[in-house]
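What follows is a pair of complexes built around chain A, which joins chain B in one and chain C in the other.
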Partner chain A sequence: MSTLHTVNKSPFERNSLDSCLSVAAEGATVLLIEDAVGGALQNTAVASTVSDAMGKGVKFAVLGEDLRARGLSAERVIDGISVVDYAGFVQLACDHDNVQNWL
Partner chain B sequence: MKFAIQVNEGPFTHQASDTAYQFTKAALENGHEIFRVFFYHDGVNNGTYFGVPPIDDRNVQQQWSELAEKHDLDLVVCVAAAQRRGIMDEDESKRHGKGTSNIAPGFRISGLGQLIEAGIQADRLLVFGD
Partner chain C sequence: MSDTKTFVYMNRKAPYGTVYALESLEVVLIGAAFEQNVKLVFMDDGVYQLTKNQDTDGIGMKNFSKTYSALGDYDVNQIYVCEQSLKDRGLTLDDLQELTYEDEDDDWAEKSSIHLVSRDQIAEIVGSADVLLNF
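== the complex of A and B ==
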């Protein structure tokens, strides 16, 4: 059983990314959308948290449209995090057995 | 794949209405089925016909209505959440003596059972909100 988790709140304001990572298991994917896209960037206060989770087998993706809407370049995204569009979001939902939206 | 979508946020709060719409559109474009979109809590504000955003702003209600017409979507507004926020169809309006209705084209008012059924019938339920 694998789960797609979506997080939509900034990890610099809220703790939903931490809550999500406390239960995300190996094989899960965490998709960062809306205000959470900042969590996918290099050299931030949460970058090591994200990298640690990746080391434990949790995959990460970020919604490219929401990065661009905030003027953030995909070049600043942590290595290993895939940048997806809405079709990619739909595909991730298909590829996992469950979807958990952290609001 | 069969998706059900729950929207808990109105068009002018954060971004959830837009994300839900874009996800729904992408799913349809990629050959998936949308079993139902259920509007709950402030999400019912997606279904008012009386919203008039500035001409250079996106009109989320209109986007939903057009998508519903094109793909024969089932857009359901929670009745209790809608009553609180003054969103009514003709029957509800008559029942409460309000004299006019404002439910947008393509939307219908029903109860929470519709959400439960969507959760059971769909392969995946996605929740967009605050």
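== the complex of A and C ==
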């Protein structure tokens, strides 16, 4: 069983990403969308949290449309995080058994 | 005007995910018509509101970021950005759009409206408020 976790709350404001990562298992994917996309950038206060989770086998993706809307360049995303579009979002949902939304 | 008050607007939310940023901007623009002393503070996720190169075509929402550049024309030129909030988000002043105004007391010289501030300075700005509005 693999799960796609979607997080849409800012990791600088809420604990949604921390809660998500506390239960995300190896092989799971965390997709950052909406207000959460800032967590995908390099050199932030949460970058080590994301990197640590990646080291434990959790994959990360971020929605490119939401990055662009906020003026954040895909080039500044942490190495290893894939930037996906809406079609990629759908594909991720199809590739996993379940989708958990961390509202 | 004899009864000028200091209005401080606290902006702490990222744009687009919630409506706070847009609502704040609209209230600021409405309030600007009353010729009051206006200060805008951007801290926490509010600093995302001022990033340059915002492109909302992909999310189907109105890009209101260009409106901030009109604030200088409404004499809204005291814009304070929390330096620590930028740093926490991997951002610098270079990531923000340039916001300027023409200083009528200095031969209409074009000056930046944006000032990087510490949390202590934000406390002073909040303390200076006659009217404090939070978004």
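Odds and ends about this structure:
One rule holds for everything that comes next: the second predicted complex is superposed on the first by the 103 of 103 C-alpha atoms of A that agree within 3 Å, B and C clash if a C-alpha of one lies under 4 Å from a C-alpha of the other, contacts with A are read in each partner's own complex, and residues count from 1 in each chain.
The criterion applied here is as follows: a residue touches a chain if its C-beta (ideal position, glycine included) is under 8 Å from a C-beta of that chain, and two chains touch if they have at least 3 such contacts.
Small disclaimer: the values here were computed from a predicted structure and weren't measured.
Contacts of A:T44 after superposition: chain C is touched, whereas chain B is not reached.
Once the two structures are superposed, chain B and chain C can be ranked by residues of chain A touched, with C on top. Of the two partner chains placed around the shared chain by superposition, chain C is the only one that A:E13 touches, whereas chain B remains out of contact. In the superposition on chain A, contact is made by A:L103 with chain B only, not with chain C. After overlaying the two complexes on the shared chain, residue contacts for A:D35 are found with chain B and with chain C alike. In the superposition on chain A, A:G64 makes contact with chain C only, not with chain B.
Residue contacts after overlaying the shared chain place A:V90 against chain B, while chain C stays out of touching range.
Contacts of A:L72 after superposition: chain C is touched, whereas chain B is not reached. In the superposition on chain A, chain A positions 8, 34-35, 65-66, 85-86 are in contact with chain B in one complex as well as with chain C in the other.
Contact residues on chain A toward chain B in their complex (touch as defined above): 6, 8, 33-35, 65-66, 85-87, 89-91, 93-94, 98-99, 101, 103. Touching chain C in their complex are the following residues of chain A: 8, 10, 12-13, 34-35, 38, 41-45, 47, 64-66, 68-73, 76, 85-86. Chain B meets chain A in the complex at residues 1, 3, 8, 14-16, 19, 22-23, 25-27, 29-30, 32, 124-130. Residues of chain C touching chain A in their complex: 14-18, 44-45, 48, 51-59, 61, 63, 65, 88-90, 95.
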